[in-house]
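What follows are several structures.
Both complexes below contain chain A, partnered by chain B and then by chain C.
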Partner chain A sequence: MIGSALRAWMSRPTAPRESLLRDLGRLAVLLFGVEVVTGSLLALYYEPVPEAAYRSVGTITGTVTLGWLVRSLHHVTGHALLVVVALFLARAFLLRSFLRPAGRRAWVLAVGLLFLAIAFLMTGSALPWDQEAYWRTVITANLVSGIPLLGGWLADVFRGGPEVSGTTLVRLFALHGLVFPWLAFGGLLLARRFRRQGGMP
Partner chain B sequence: MGTFPGPQEPLPSRLQRGTGHNIRASNPPIPMPASIWVFDPRLTREEATALLCSLSERGLQAEIREIPSGLVAVVEEAPPDLRPPPGVLRSSTVDLPPGLSRRRFLDAFASSLAAGVLLSGAGGAALFASPPTPRRDDVEEVVVGTAAEIRARGSKRFRFGREPCVVVAAGDRFHALSTVCSHLGCLVRWTPGSSQLECPCHRAVFDLEGNVLEGPPPRPLRTYPVKVDGGRVVVGRRTAP
Partner chain C sequence: MILRFTPGATAEQREAVAAAVRAAGSAVLATDGILSIDPPLDEGQAVPIAALPGVAALLARDPRAPTLRDQLLRTTGAACFVLGLLVLVAAHHPARLAGPADPLHTPGDLQPFWPLLAWYGVVNRAPGWVPVSLLPLLGGLVLLGWPLIARPLAERRPRWHTALGAAAVAAYLALALVEATR
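Coming up: the complex of A and B.
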């Protein structure tokens, strides 16, 4: 049954000489899948505690078999994902697909996914919890607090208190490993539906 | 449109070549039913492709070929209840000799490539998930073997955590040394004849205390304290760096 389903999927008809750029969306889904797999593996060893976070990342790259590979894959793929989503948007912009009625909400969704990719990178780069990560988190919190009206409250929610602390690290980990992946999953499902409706470029 | 041969007549050679079936197979042919569909000549290739969409949902293979009078589709392994879609003027079922079509070859190639990638990924993930061997600093002591055994052999290689080491019996004492050369990390060898450890890479020579006798290494070899405990040789953690 799997075999026939796979065969049906592989032999589905496509238009001749279809541009490879049509596959940027699929490429983004593939990269997201790589991120999910490598991220789940990294979560087996990562400890979201200020005293242990940096050491556990060192253990992953230094001691665990193939740990350097899994972490590099996770790191590089994350950045590649941002590039692919940006290329996707650039293509949609140049083709002016957002002018089509079905294309408008698809455009909004794609921009949302771009911001999500940036949020993934921001939270993920803070997880090693070294000096750079700490100060970057402080800056991110200050950025969030600059949002009108809700900013102060949002920054407190992000930090888990008035200061960046160990609670912040747990929240970063929860956002990066739980909240954002589910958001991205839902977004990609929606994108698939929009694409079938002819909206997604 | 032109005439199209019926089921009993031989297929045009162009069609046989186009489907890629090996008609000169040396094995006795096992017939494979295939449906030949002749499309309305007004249809374009894209429209004909679109008509074949329902086939791939059923897991069937179809290839579109151009013949002088229009387009035909060859549906491999067509089940008896298969009805041609509208736009097909005429259909007939023939038995094709088995063989490896280009499509099947590409299918098999892509499937095995995907399976290889998935399997190696799963293998790597399993390696990653299995708990790592502790580092040198996490190990307290290692029981290398019995004193009698090591005296009889003269030396025995072992690992202190991840570090490859050797324990050497000299007189009534035991010496435990790392075999990682302090120069560029090659593995040194204990040579019983000269009672020295020699590095094969750059001809460095160390004595049993780890001191450099010859060659480029900047530091002595790493040594470990050894004690004999109830007839067993136990190598302990190094106190000085």
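Coming up: the complex of A and C.
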């Protein structure tokens, strides 16, 4: 009974859809899903305290079974997500889909998602709290603080004080693991809505 | 619902079948030997129409349309391919872990992460009178407001619009590359 109902349901004709490999919106959703899963696994072991962060990443990389692969997968997928969002925007640019009213809203959303993907990478790359991550955070904070009007405020939010410290690490972890994922989730839901309205390329 | 004609069906036979379907209250769309019928005919209407000369078959659905099973298989296959590719790249380029953070020791080769490299390059190379700190703010605003700013250009001169975009991307990549190989 259930089997035949399932077979009938699976045999339903559907509208032809573009392949996942060509549909950058769905590809971005898939990559975001990979980020959520791998990020959640990493969060089981990660400790966002300066003294423990480096050690915990070392444990993930060296001791936890396949921890190195999960960490690398999280790292690689973050970069891939940024590239996919940038390609999505490039396609909207080339197809000039922003000339339609629905496309205009979709463009603004895609630019927002691009900035969010950059912010994800920026905050995530600081979390290992190794020498590279620490000094990269210092440079980024200095670059951001130079922006007129918003820069000082943004750098303070980013650092949690006048200089990069343990508070910075806690802030970056909170932004990376709590705030940005929800923003991205909301953005992707909105993108799905725009797509149904015909705004997304 | 789909109606398929026999290969030898004449134009008159096709027209008579289409008229019979319309008379049954459904709309028809004719495409190379196939008649799409919407809404589908019920059994009482379908049997006499299927018996008309020139009709090869009357099918409940378009055999060319993908089913949910087809779509699921294709999507799962593509997702597995993407995941496999990511795992392969991740396995060949594992994320590094340098020594513990030391605020007292500044490393020699300081660089921000790659999306900010172009901006860092401009900051390092631009002459003093260039307001480099304004660039990211301006860049962000231009990108956000592009649909309004570039509307006349995109509508009247699409090739110039494309060339402008390509030039901007090339400049960004060149700056980032120069900074990365510094």
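In this section, the second predicted complex is superposed on the first by the 178 of 201 C-alpha atoms of A that agree within 3 Å, B and C clash if a C-alpha of one lies under 4 Å from a C-alpha of the other, contacts with A are read in each partner's own complex, and residues count from 1 in each chain.
Following the convention adopted for this analysis, contacts are C-beta pairs under 8 Å (C-beta built on N, C-alpha and C of every residue); 3 or more make two chains touch, one makes a residue touch a chain.
As the structure is a prediction and not an experimental result, all values here were calculated from the model.
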Partner chain in contact with A:Ile147 - chain B first, chain C second, else both or neither: second
Partner chain in contact with A:Phe115 - chain B first, chain C second, else both or neither: second
Touched partner set for A:Leu99, first chain B, second chain C, both or neither: second
Partner chain(s) touched by A:Leu69 [first = chain B, second = chain C, both, neither]: both
First, second, both or neither for A:Leu44, with chain B first and chain C second: first
Contacts of A:Ser4 with chain B and chain C, given as first, second, both or neither: first
Contacts of A:Val36 with chain B and chain C, given as first, second, both or neither: neither
Comparing the two partners chain B and chain C, which touches a greater set of residues in chain A: C
Overlap of chain C and chain B interfaces on chain A (superposed complexes): 9-13, 15-16, 69
Of chain C, residues touching chain A in the complex: 61-62, 65-72, 74-75, 78-79, 81-83, 86-87, 89-91, 93-103, 105-107, 110-113, 115-116, 119-120, 123, 132-134, 136-137, 140, 143-144, 146-148, 151, 154-155, 158, 161-162, 165, 169
In the complex, chain A residues that touch chain B: 4-13, 15-16, 37, 41, 44, 59, 62-67, 69-70
Chain A contact footprint on chain B (complex, rising order): 45-46, 49-50, 52-53, 56-59, 61, 103, 107, 110-111, 121, 124-125, 127-130, 132, 135
Parts of chain A lying in touch with chain C, wherever the complex brings them together: 9-17, 19-21, 27, 30-31, 34, 50, 54, 57-58, 61, 68-69, 71-77, 80, 82, 90, 93-94, 96, 98-99, 103-104, 107-108, 111, 114-115, 118, 121-122, 125, 128-136, 139-140, 143, 146-151, 164
